[in-house]
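Consider the two complexes below, in which chain A is the common component and chain B and chain C are the respective partners.
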Partner chain A sequence: MSLVHPVVHRRRRSSRKWRLVALVAALSLVAFACGDGGEDTSAEEVTAAQAQAAAAQSDAAAAQSEAVSAQAEAEAAADALAQAQADLEAAQAAAAAAMEGDEVSQSALADAQAALEEAEQRATESAEASQEALAAAESALTEAEQMLDEAMMEQEAAMGPVRVRAAVTGDEASLNPYTYISGFPGWNLLMLQYDSLMQLDADGIPQPWLASSISVNEDLTEYSVTLVEGVTWHDGEPLTADDVAFSVNYYINNVEASRFARDLRGVEDLVVTDDHNATFVLAGPNAGFELGALADVPIIPRHIWEGVELPSEHDFGDTNIGTGPYKLVKYVEGQSYRFQANPDYFRGAPAVDELVVIVFADDAGAQAAIRAYAVDVIFERIPPEQIDLLDAEDSLDVILGPEFTTQMINYDASKRPFDDVAVRQAINLAMNRQDIVDTVFLGAATIGSPGWIHPGHPSYNADIGTVYDPAAANALLDAGGYLDSDGDGVREYDGQPMSFEIITNASDSLRLRIAELTVEMLAAIGIETSVAAVETATWEQAVWPGFDVNNGRNYDIAMWGWSAPVQADPLRLPQLVASVPAGGFLNLTGYVNAEMDTLSAVLGTEPDPAERNGILGRMQEIIAEDLPFVLLLYPDGAYVYDSTVYSDWEFIAGQGIVSKLSLLPPSARP
Partner chain B sequence: MRRRIDVRRLTQYGVVVVVAVTLNFLLPRLMPGNPLVLIAGVDVGLLSPEDRAEIVARVGLDAPLWKQYLRYWGDIVTGDFGYSFRAKRPIVDMIWSRLPWTLLITGLSLIVSAVVGVILGAISAWRRRTKTDLGMLTGMISIESLPSFWLGMVLISIFAVQWGLLPSFGAVTQASDLVGWAHAWDIISHAILPVITLSILATPGVYMTMRYSMLETLGEDYIRTARAKGAGERRVLFGHVARNTIAPVVTVLAIRLGFAFGGTVIVETVFTYPGLGRLVFEAVSGRDYPVMQAAFLVFTAAVLAANLVADLLYPLIDPRTRTS
Partner chain C sequence: MTVADRGERAARRAARRQSRIPTLFGLTGGLIVGVLICGAVFAPWLAPYDPTVRVATPFLPPSADHLLGTNDIGQDLLSEMIFGARVSLAVGLVAATVALLIGTTVGVVAGYYPKRLGSAMMRGVDVILILPFLPLLIVLAAYLGRSLLNTIVVIGVLIWAEPARIIRSQVLSLRSREYVLAARSMGAPDRWTILRHIVPRTGLLATGSFVRAVSNAILLEAALSFLGLGDPIQKSWGSTLFWAQSRGAFLTPAWKWWVMPPGLLIMLASLGFALIAFSLEERINPRL
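Take a look at the complex of A and B:
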């Protein structure tokens, strides 16, 4: 702080116009002082301990090299011994030969005897030497091992527990099953505290988790689970099948948290057989129950939640607990979450001891922070233009993987001219997907299949091609009678120009750029469009009024995208493409197709997985032909992290890196 | 006489309050969009119409508009604004936890910009039409046209990313367990960049007001008279110019004090500062009606109070505005 004084002093003497400059300088100095103040001591301690560890390590290395040389000596001695023995044999042979000779050659005998003695002596010597060397080598090795162990322990102590600071770009409220806000990363963070009966593995397939085994009856109506024994809640109480039954009933009876109530829709009864066994009895067959419910619903403790009336407004204080690998120890509204590892976690203690999740106001803030090494990972996808930039930073790495989010074009297929499949097909043919992937996403996206399902998904129908052919699109429109009769470059339908507004949300800059390219691509087939970039709530209200498809829609063309869960489970496809009365509650385009309705009705109840895949294959064909919407691309997931802090991130296909798997040691992952 | 004027003024303020409160209530509801997604979570589309109706009823959005309006007045009287749709926390707590942070940076920058602006404005006017004046004027106009997010990002990239001197985000180091002086330094170091940004952006306004007000005063007859009767420069400046100049500046500052409660959305966003501006921004983008209503009310009250302060200060500074 002494540095500030000369500046203040100078400020007094200097002319008035320099006061501002001096003030800024003083502030910078203060900043300098405080910027340095905070972390120095601990940093120094760590550095010192690291140096010590390094010294111990080099000591150990020296001991090891000593041992190696001792061993070499021992080997040399052994060689000498062998040589001596060979000499001895030769001498003995010579002696025997000498003895046999009639003309006794005394001198030869004497020679032989001397040689024998010499050889014997040499052999003894080298045997001794070799033994000594061996002993020395052994002790050196033990010493080296000891030193290495010590060094490792010291280093571990110096590094302290592993602490990861993660950035998110939105507050997730108090993060209990009824308050978390976003599906991603809110639910993902919630599931650090809680466990579900199953857990997705790296391929996105549900694996046994809290349930050690799951068995299903033949017609997919009964799912029996056996719980892992010895699992405890964070307060030490044991987890039992009773908690599972309580959780299920609680979610069903408190619809506030739509997601879990919806997951469990169709559960008629939950039969608890004993402390560790229970059976879900479903109203009808449901092939998607494992992915949709068992791997999604967090199990909550009965002894805490019993009697909680309005869970979203209940103050749980420090009883917001689960069985998960982390316990949320502190939440500062709008600022941060602090998670501490649960050392007694049933799959093994987490590899990261403390996780601090910091809430940023926007992406740019989070990216600046990771460049300044003020956070260690960003729990949000980074935009394509940042991938190379951040990867180029010294200790930052970027992990890439498939994501099941989508960018697509929606249109109101219930009204002219989009009710004509030829118009929809023409739009599909006019879209140069590769161009969008290259120019907007700089390659960090996968070209969309017109049949909806991601090529990286097991249910993808590989027969469906993605064609870009504006000439064919023009031909289709010509054949359909959509002609440009007045020669203004815009086709007409029913006497009006084919001129539409593409509505999109201004907050998604990538989507906005796709919309702009779409305008050009549609212009090439004589459809005139303009982009209306509006605020998110306004856009949602136009495309999905009141979030209820029964309210219809107020747009011609809209850019749209679904979050990953909609695509991760192909059994949810009927929700998108079945007619509204047939359960298409995500059918935002007003699309109706009778065969699709029939297939939708049987998809979730078909017990045979191969048959189910067949149905999905056919549905994809119909979508690609009929185009209820035009799927453009699937953005790839890209996450940036500081590899010097923690690098064991696990990318779950379609989900990204924000999960308990990333924070558990590899041995504890499924 | 005095009493009657006070009553009139009080009535004026009363009318303004009623109009403002009504607007606070109506504006959020006139915006397109729907708070349901915040209340029910992202998968709101998957809810059945019955579930949806139950949720809407629970937060009272099914009531007729006039009933909701009356309830808002009830909230104002009792000081209990209920729960945020989004954060599901008591709104009063949320505002109280954010207000100090907002006031810290806006208040400090108000002081800095007032001091710097007044001094530079005075110098500029005193040396009118010199190089100093022109230079300052040009500089201030350039500064005023800087976009705040850009300035903030430039400061972040220099001080935080390049030099690593200052934190680029937040009001404190998260999960740091700092106490005492270390904690105080932590808060100060986090406030420096936002305060510098806000101060730089706020200074030109004060400077301009001060400069023009003083130029006007310098042109008055009484200044010529003072000079003519042989008063020294110092006496002219402090005895005659300063007092007559300061009134408009005080008005500007008082109104800014009112706005200081509103926080500054952009600067708070750039620096991830947990102030009221960001709270309101989040509430507006999510149609979190109760939070919007409560926060707008705070702004209304602050601006009105600041006006009142200015009204009360005026007679003290400028005897001509005193009622006879």
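Take a look at the complex of A and C:
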């Protein structure tokens, strides 16, 4: 014993020691969890509350199953009772038989009596048991109900403040109108803090916003706006027409260039009539002023910005003061932005209470993060091959919609052989757009209209068809005298083979693949091409030297694409297709057409919207016939989000989901 | 049998065992390289499809028809691997030849005229060796643009420094040998001496450097192509990796048939040449 005892003793002590260690560890864990209650834990709190709710729910489920088993027990007890009663009857019958019998046996009687007693006892017992079980079942049920109620309440509490974590790929600096970096999503994030006088609705059409009404005079030179009453800046100051006038003059006159100064070109004067009314006086008629300026320019507060000379370097303190639905409360350079909802927003408090935007180095990182549920939405388009894969993940959803970026073929239409419309038409007919959409974009793109405007755009001319017909293309080239006289499979023009280089930027891998498919499709009509994948700067210098069309062009064929704003505003069409002296400063293909120049001149000054649409329709017809370029497709916008966190995203046609509309309750959207 | 005898035999056995390992390495390397070169040469007969033709739907997983599946526009990946050997090996061999030509010239001249010209040249070599290698490669490749020729030139002009040093040290010792001194004292011109007596004696060393340079060049070509600085239209193992990366295969199950095969092939090719180089060096390195 003396040998065994100490061992046991020691073991006990050691187990006690371990228990102590475990206790300390648990305590420190608890302390750590509680001590970490800084502002960063709201997500953890939500998760914890959700976990509690889940636990309560599973408890309730357990109680329910207990109740069910109690009921089953009660039923079994009832069965036993019936059995016991049957036994009793049998025993009584036996006793009666025994008493009636010739040989009245004492022992049989005793047996019968014992059986009787036993049966009676069993019956009582089972009755009691059944009652007990029933009571247990009832209490378990009440308990379960209580627990469920509690769980529901807890879950509701947990759902309370909606917090969305978004991923972007690239820092956007301090997000004021002079520091944001990219047009997308930088401008979109900027506009969460600021408002413009108008706001695009889901169809991409400008609607009154800070301005409650906008009226235009007959010749499109004066835009009068009336501001919504009672709008305040984030610091509580009221918004007045004075701020609007200040903003416009600031953008126009500041030494630093900005997108907004460009928007406001042509504003001659801004007349403030009273606190809530002002009139923009333009130098000439401009039908695109609403979309191009009123819905784009953020209004800034005079009392903050007055006297600021170099806004990109000025220290505005910790936050930007705007009128928008969100306040930027924290910015960590290169890492994250934290936006807090503005509960006093004039259209109503936002549906998302906190928006944290996390900066990732690349797409792959952002996609990995959303798979790991470390972010709830990606504020960048996801590539086509990821759409199905991400959509297949639990609770992740992908929202698709039309976007106005383009993928197209440019050629130098000012020189042989592309100055011949037959060659351009042949190239257009040879392009199998559906094949490109299916192969390269896996279906996540819209087939290009040869007339330039997206089919989802209000100005689209639906009479324009997209035809793929290589036989007709070959016939056109044959008729035009572009024959393959030496039998090498390549046609000739002016004694030279139709052999060209397609220049494209190597950094856009989808465009590179389109170029490869273009080579294949042009080979089918006897035009030999090869892809030259070059640096973006080299490619831009070849297609658009110095970003000025007056410098000419240095390419035969190029893959090209315009960003969304070029197409979103159809009144910019003349910039693309008018001849250079007639204002075609985005006319990269050297295309000239007299009728197009005439139409371009009247488009921006036509006051009647229906007439304007008629002109646009005619211009699309000419483009589809004359082909200053070959539009191949419009990539669709695809955004991935976690539907368990927030799912009310609004896709603005041509703009995507990154806007204040997505974060406002549906009732506050235009 | 004396103790000394036994010791001698043991030593000989050990020596033989030691020399057997390099031979084994050399044979393995030769086998790998041989198989890869055969694959490259007979690619049109071995590959089930033309790798430049779209033969199936994009992003197919492996199947009986497409053993490694298809890439992002529906080209057969197995055929791409087989044809890719051509570009990868060709770049390796040609770039190593360029490097060897530069390296031998510099090494022989610097070794034969070791005083002013030689030391000036060797300082140049030092500069090349000191320069951070991969960044320089990337900058050069980006500056020159994407084509197979540029890739070869860029790699070739950056990896010649090491062969140059090795060959120079050999030439330094050769130039003071009696027969060289004899030829020179009898009035043989430098050019004749170099071509007749020096260059042929550096041949073995040069072979070793060449094989190692091939191994390096294959890795570098893969690195450049993967970064998108090679010609992405050329079917090489590196460009297959580039497309796998840019179309998200690293994040999906497709890495097993789209990322791993080119990765393994690059490793094998580089390893094969490195093993040959190792066994060659064991044999030809001058020992003191």
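Keep in mind that, in the parts below, the second predicted complex is superposed on the first by the 506 of 670 C-alpha atoms of A that agree within 3 Å, B and C clash if a C-alpha of one lies under 4 Å from a C-alpha of the other, contacts with A are read in each partner's own complex, and residues count from 1 in each chain.
Convention: a contact is a pair of C-beta atoms (placed from the backbone, for glycine too) under 8 Å apart; a residue touches a chain by one contact, two chains touch by 3 or more.
Quantities reported herein were computed from a predicted structural model and do not represent experimental measurements.
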item: First, second, both or neither for A:G288, with chain B first and chain C second; value: neither
item: Which of chain B and chain C A:G583 touches, first, second, both or neither; value: neither
item: Touched chain A residues, chain B compared with chain C; value: B
item: Touching partner for A:R262 - first (chain B), second (chain C), both, neither; value: first
item: Chain B versus chain C as contact partner of A:A368, first or second or both or neither; value: both
item: Touching partner for A:G183 - first (chain B), second (chain C), both, neither; value: first
item: Partner chain in contact with A:P383 - chain B first, chain C second, else both or neither; value: second
item: Which superposed partner A:S563 touches (first chain B, second chain C, both, neither); value: first
item: Which superposed partner A:T538 touches (first chain B, second chain C, both, neither); value: both
item: Contacts of A:V356 with chain B and chain C, given as first, second, both or neither; value: first
item: Those residues of chain A which chain B touches in one complex and chain C touches in the other; value: 364, 368, 371, 535, 538
item: Interface residues, chain B side, partner chain A - complex; value: 31-34, 36-38, 40-47, 49, 51-52, 54-55, 58, 83, 86-89, 93-94, 97-98, 112, 116, 119-120, 123, 132, 136, 153, 156-157, 159-161, 164-176, 178, 182, 185-186, 188-189, 192, 196, 268-274, 278-279, 282, 285-287
item: Touching residues on chain A, where the partner in the complex is chain B; value: 16-17, 19-20, 23-24, 27-28, 30-38, 165, 171, 173-174, 178-183, 255-259, 261-262, 312-313, 330, 332-336, 338, 354, 356, 358-362, 364-365, 368-369, 371-374, 535-538, 540-541, 544, 546-550, 563, 575, 585-586
item: In the complex, chain A residues that touch chain C; value: 364, 367-368, 371, 383, 385-386, 389, 439-440, 442, 506-507, 509, 512-513, 516-517, 520, 531-535, 538
item: Chain A partner contacts - residues on chain C that touch it in the complex; value: 54, 58-59, 72-74, 142, 145-146, 228, 231-233, 243, 246-248, 250-252
